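After this come two complexes, each holding chain A, first together with chain B and then together with chain C.
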Partner chain A sequence: MAELNSPGSMHQEKLAGRTQQIFFSAVESDRLAPPHAIDVDFDKCCEIDAENLRAREVNSKIAELMREGYGTITVLNPGAKHSLGVGILNRLNLNFEGSLGYFGCGLSDGPNIRVAGRVGWSCAENMMSGTIVIEKNAGSTFGAAIRGGDLVCKGDVGSRTGIDMKGGTIIVGGRTGAFSGFMMQRGRMIVLGDAGPNLGDSMYDGLIYVGGEIAGLGVDAIDAEMTDLECSWIERKLAMYGLEAPNGVANMRKIESGKQLWNYDSLEPTEKKLVL
Partner chain B sequence: MCGIAGLIHRGKQADIGGELLLMLQALKHRGPDSTGLAVYGSTDDVDATEFVMRYKVAEGAELASGFRIYDQIKERHEAVHSRLSESGAKISWEEEATKYAFRNRFNFDGDMRRLANYLEDIEGVEILSIGKSLELVKDLGDAQTVGDQYGLGNFRGTHAIGHTRMATESDVDIRSAHPYWAYPFLDVSVVHNGQLTNYWNSRRALERRGHRFMSNCDSELIAVYLADSMDRGEDLEESMHRSLSELDGVFTYVVASQNELGMAKDYMAAKPMVLYESDDFVALASEEVAIRSVFPHEIDTTDPYEGEVRVWRS
Partner chain C sequence: MEKVTKISDKLKDSTTEREKEIGQHIGYRYDVNLVPDYSRLTSFLKEYIEFMGWDDLNWLEDVHLGYEEGKPAVFDRNINGWVQVPSDLELPDDQQDRDMVARELLVKFQCSEEHPMVELNAEYGKVKPPSAD
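== the complex of A and B ==
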C-alpha cells in the first residue's frame, strides 16, 4: 500500500480504505517475456491434420512443434473439437482451418491465432495477451474473464460475451446476445451490430461501445459521452482487423457503469458496531 | 447437462435413423445415461385410420430384479391386445423390439385419448408414442447401444429428434428418458436440455385440466404443456412462443410434429444450441461436433438467440 501513495505511482484506482486488492508493480510489467518463453521462428511453418487426433494430442503436438522452433502452425480439419489450442504461453502464429468446439484457444498468453470457421462456447477464456481472430460466428461466453489482448469475432456471437472481463479488448463484427458484459470489471468491448437485452448488467467498470441497436441496458449500466480520443482509438483498432462501424464510430453508443452498486468501502452493520 | 439434436430433410426422405444416431453418439459426453430418438417415417402407404404405436410393458432394469417379471410381461402384453380389440382397434402387425418394448400398427377410428388411457391403465404399460409417422424409442445406454438394440440404423423418413441424457433431477430409467410424446396428440414429441423451476406448480395446473404424467422428469411437462396448448386450438409455433413466458428456468427444447421441426430457447439463453441451415436440410444440436458428424466438411453454423422460436416444415 505504501506504493499507492508514493510519488510517480502509476495507479489510478481510487480504491483505498479496506480494499484487499494487491496492486501490480510497474517493474513486473517491464519483463516482456516470461522466463520459460521459447524462441520461435515465424518463418518456420508446418501443418497438423487434426482429423484423427484427439484434442490432447493436437495440443501436445503444437507444444512439441513450438519447442522445435516452429513459429507458424496451421491446424487442418479441427472438426469443431473441444479444447483445441489451449494454454499457449508463447509467441506463435496459429491458424485453424475450420471450426472449433467449446473452450477453443483458452488460457492463452501471447499467440496470434486465426480461426477460419466458427467457435463454440467459451472461446479464449481467461486470455492474457496476444490476438485471436474468428472469421465466422462464435457461441456464448465469448472472451469470458479475459485480462488482455485483442479478441475479435467477425460474425455474430451468442450471449454473455465478455462476462467478467478484466481487461483487453473484445471486438464483435456482428450482433451479440443477452447479458453481454455481465459483471465486467475492466477492458473494452466494441460491438458493431446490435446488442441483446441486459447489456452491461452489473458491470463494475470498463466500457462497451455499440454500433447497432441495444435491446436493453442491464442494472447500473448507463449511457456515456464519446470522446475524440476514444473515436480515434476505436477507428485504429477496427482498421487493424479490417472492420468498419456501419454508421461511423462517432455515432456509436458508449455504455459504462453507473457505479451505483459500488459499496466497497462502506462497513457492514456488524463492523459499524465495532468501530463505534 | 444433456445433449439434444434434431434434423429435417425438406422435400425428400433419407436415412434419418443412421444420421441421428451419429449425431447423438457425438454428444455422448453430454450424458451417457440414456438415449432416445423420435423418428418420423413415411406416411405414403398409411391410410386414414391406420396408426403406428410404440409401447413398453416394463422397465428394462426390472428384467433382472422383478418378481415373476417374464410372466407379468406376458400378461400385460396380452392385456394390451385384448383392450385394443375391445376398443375396436385392429392390429395389422406387431413386432417385439426388446423383451419389454413393442411396436405395432393398428386401425382405429375412435377417441384416441380414451384408448390411450385405457391401455395405460394396465400396470407397467406406458405408451411411448402413437402417430401416423412418429416412432419413439428410448432406452438406457449410448446411441450405439440403443440404435443396435432397436435396429434404427437405417430408418428412412423426413425428420427426427433425439436426446442423450445426464440424469439430474429424476431417475435413470426409461420412463424418465427423453424424448416425450405429447400425450395424447398424434405425432408430437419433445426433447429438452435444461431445468424448469416452476415444474410442480405447472404440473398441478395441468393435472387439474386432466393431463397425465408418467414420470417426475421436468421435460415431460413441456410435452404435456404443448399438448394442452394445442388442445385449446393454438398451433405449434404459437404454443412455443407462449411457453417462453409461462415456463420458468433455463431451457432449450426441440419439438417435432408430423411435418414440422421446431426449437425454442429461453430468455436467459443459458443452454446451448447450434444451427445449420441449407435449402434442403436443417440440423440442430447442442454442439457443433454433432452436426459435423453428419457433415464432415466445413459448414456455416449459428447460435440462436435468447427467446428465439424457430419452426421448419418438411
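== the complex of A and C ==
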C-alpha cells in the first residue's frame, strides 16, 4: 500500500486546508464581455422553424446565427424535443414558441431565454447565468445544480426543484413538489404557491421563501426570520417577471439550514481509506 | 491598508477550535445569503447589466467579497480560485459596498485578456474566438 505523501503516492501535496487555495492577481479590463464572447446585436432578429429539424440541428443553427451576429432568435415549433437551447455561453435573446422536452436550456451562461409552453425534466440544469422564463409548467429537477442566474416557472413544477443548487434564484409561480431544495448549498428559491413534503431536505446553505402551505420540512431545514432587505429584494425580483406573492412578501415563510448536518474533514476519501 | 489589517484580525478571532483541529474553514467566511442592496449599484455594474440585457445583477448576486488567508479576495467560479483585491484599493466600510467592489473587480478580471479562461479556451474551446477565424 502506498504511503501518504511518499514520492509516487497519489498525493504530493500536504492537505493543510488553506494551502490548497489558488490565488490570482486582478487584472482589469474596460470590456463588458470576455475576449472569446461572440458579438451579437439584440436588434438583429431571425426565426428558425424546428419542425423538421433534429435537436442537434436546431442547436447548431442557433450557434451559427449567433456567429452571424443575430442577438434575438425565435424558434418556432420546438415540438417538445429534448436538449434544445443548451450550452449557450453568450448574451442572447432566445424565444421558444412552444414546449421543450427533457434537459432544455442546460449549461446556459448568459442568455435570456423564454419558453412559451412547458418544459420536461431537468430544465436549466447547471445554469450559470442569464434568465430563463417558462410561461407554463415544468417537470421534476427543475434547475438542478444551477450556479447562477434567474430561473422562473410561472406555473407548477415537479419534485426536487433546485436539487443541489449552488447559487442563483429559482422562482416558482405556482406549487412545487416533494424534496424541493434537496441538498441545496447556496442560492435562493422563491415559491409563491404550496411546497410538497421534505422541503429543503439536507440543505447546507441558501434560502427558501414560500408563499403558500408547506407540507413538511426536510431534515435540518428550519424556519427563519425575514429581513426588510430580503422583502424588498423579493418584491423587486417578482416584479421583474410580473409575479406577486399572493399574501404579500412579508407573510412568506423563510426556510434556511439548521447547519446540524455540517461535517467537515481534512482528509480526502482516498486518504481516509489509507488511514483506516 | 489599515482596514485590511482589521479584516485579518477579525478572521483570526473567528477561527474555531474545530477549524484549527482540521486545518480548514467550516462554511463561508462571509454571509453568502446576503442579498444585494440595489441602491449601492456602481455605474460600471449598471452598464454591464444593460449590456447583458438583464434587469438586475443576475449571477453577480452570488458574488461577495470574501476573506482568504487574511486578505480580501473574490472567488472566481470559472477558475476555481480566489482573485486578490489589489492592496492599494481602499475598501469601503460596509459589506454591501464591498460586495459591489468585488462584483466589479470580478467582471473586469473575467473580461481581461489575462484571465486564465482565455488560454484554456484557445487550447480546448470547441468554438474559437472570432479573432481566431
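Note that in this section the second predicted complex is superposed on the first by the 232 of 276 C-alpha atoms of A that agree within 3 Å, B and C clash if a C-alpha of one lies under 4 Å from a C-alpha of the other, contacts with A are read in each partner's own complex, and residues count from 1 in each chain.
As a convention for this text, contacts are C-beta pairs under 8 Å (C-beta built on N, C-alpha and C of every residue); 3 or more make two chains touch, one makes a residue touch a chain.
Since the model is a prediction, treat every value here as computed from it, not as a measurement.
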| item | value |
| --- | --- |
| Partner chain(s) touched by A:G98 [first = chain B, second = chain C, both, neither] | first |
| First (chain B), second (chain C), both or neither touched by A:D156 | first |
| Touching partner for A:H82 - first (chain B), second (chain C), both, neither | first |
| Winner by number of chain A residues touched, once chain B and chain C are compared | C |
| Touched partner set for A:Y70, first chain B, second chain C, both or neither | neither |
| Touching partner for A:F182 - first (chain B), second (chain C), both, neither | neither |
| Which of chain B and chain C A:N137 touches, first, second, both or neither | first |
| Touching residues on chain A, where the partner in the complex is chain B | 79-82, 98-99, 101-102, 116-118, 120-121, 136-140, 156-160, 175, 177-179, 196-197 |
| Complex contact set, residues of chain B against chain A | 267-270, 272, 274, 287-289, 291-292, 296, 298, 300-303, 305-306 |
| Complex contacts: residues of chain A adjacent to chain C | 15-18, 21-36, 38-39, 42, 63, 67, 91, 93, 110, 112, 128-131, 147-150, 167-169, 186-188, 205-207, 229-230, 233, 236-237, 240, 256, 259, 262, 264-266 |
| Of all residues in chain C, those that touch chain A in their complex | 18, 22-28, 32-33, 35-38, 47-48, 51-56, 58-59, 61-62, 68-69, 73, 76-77, 79-86, 105, 107-118, 121-122, 125, 127, 129-131 |
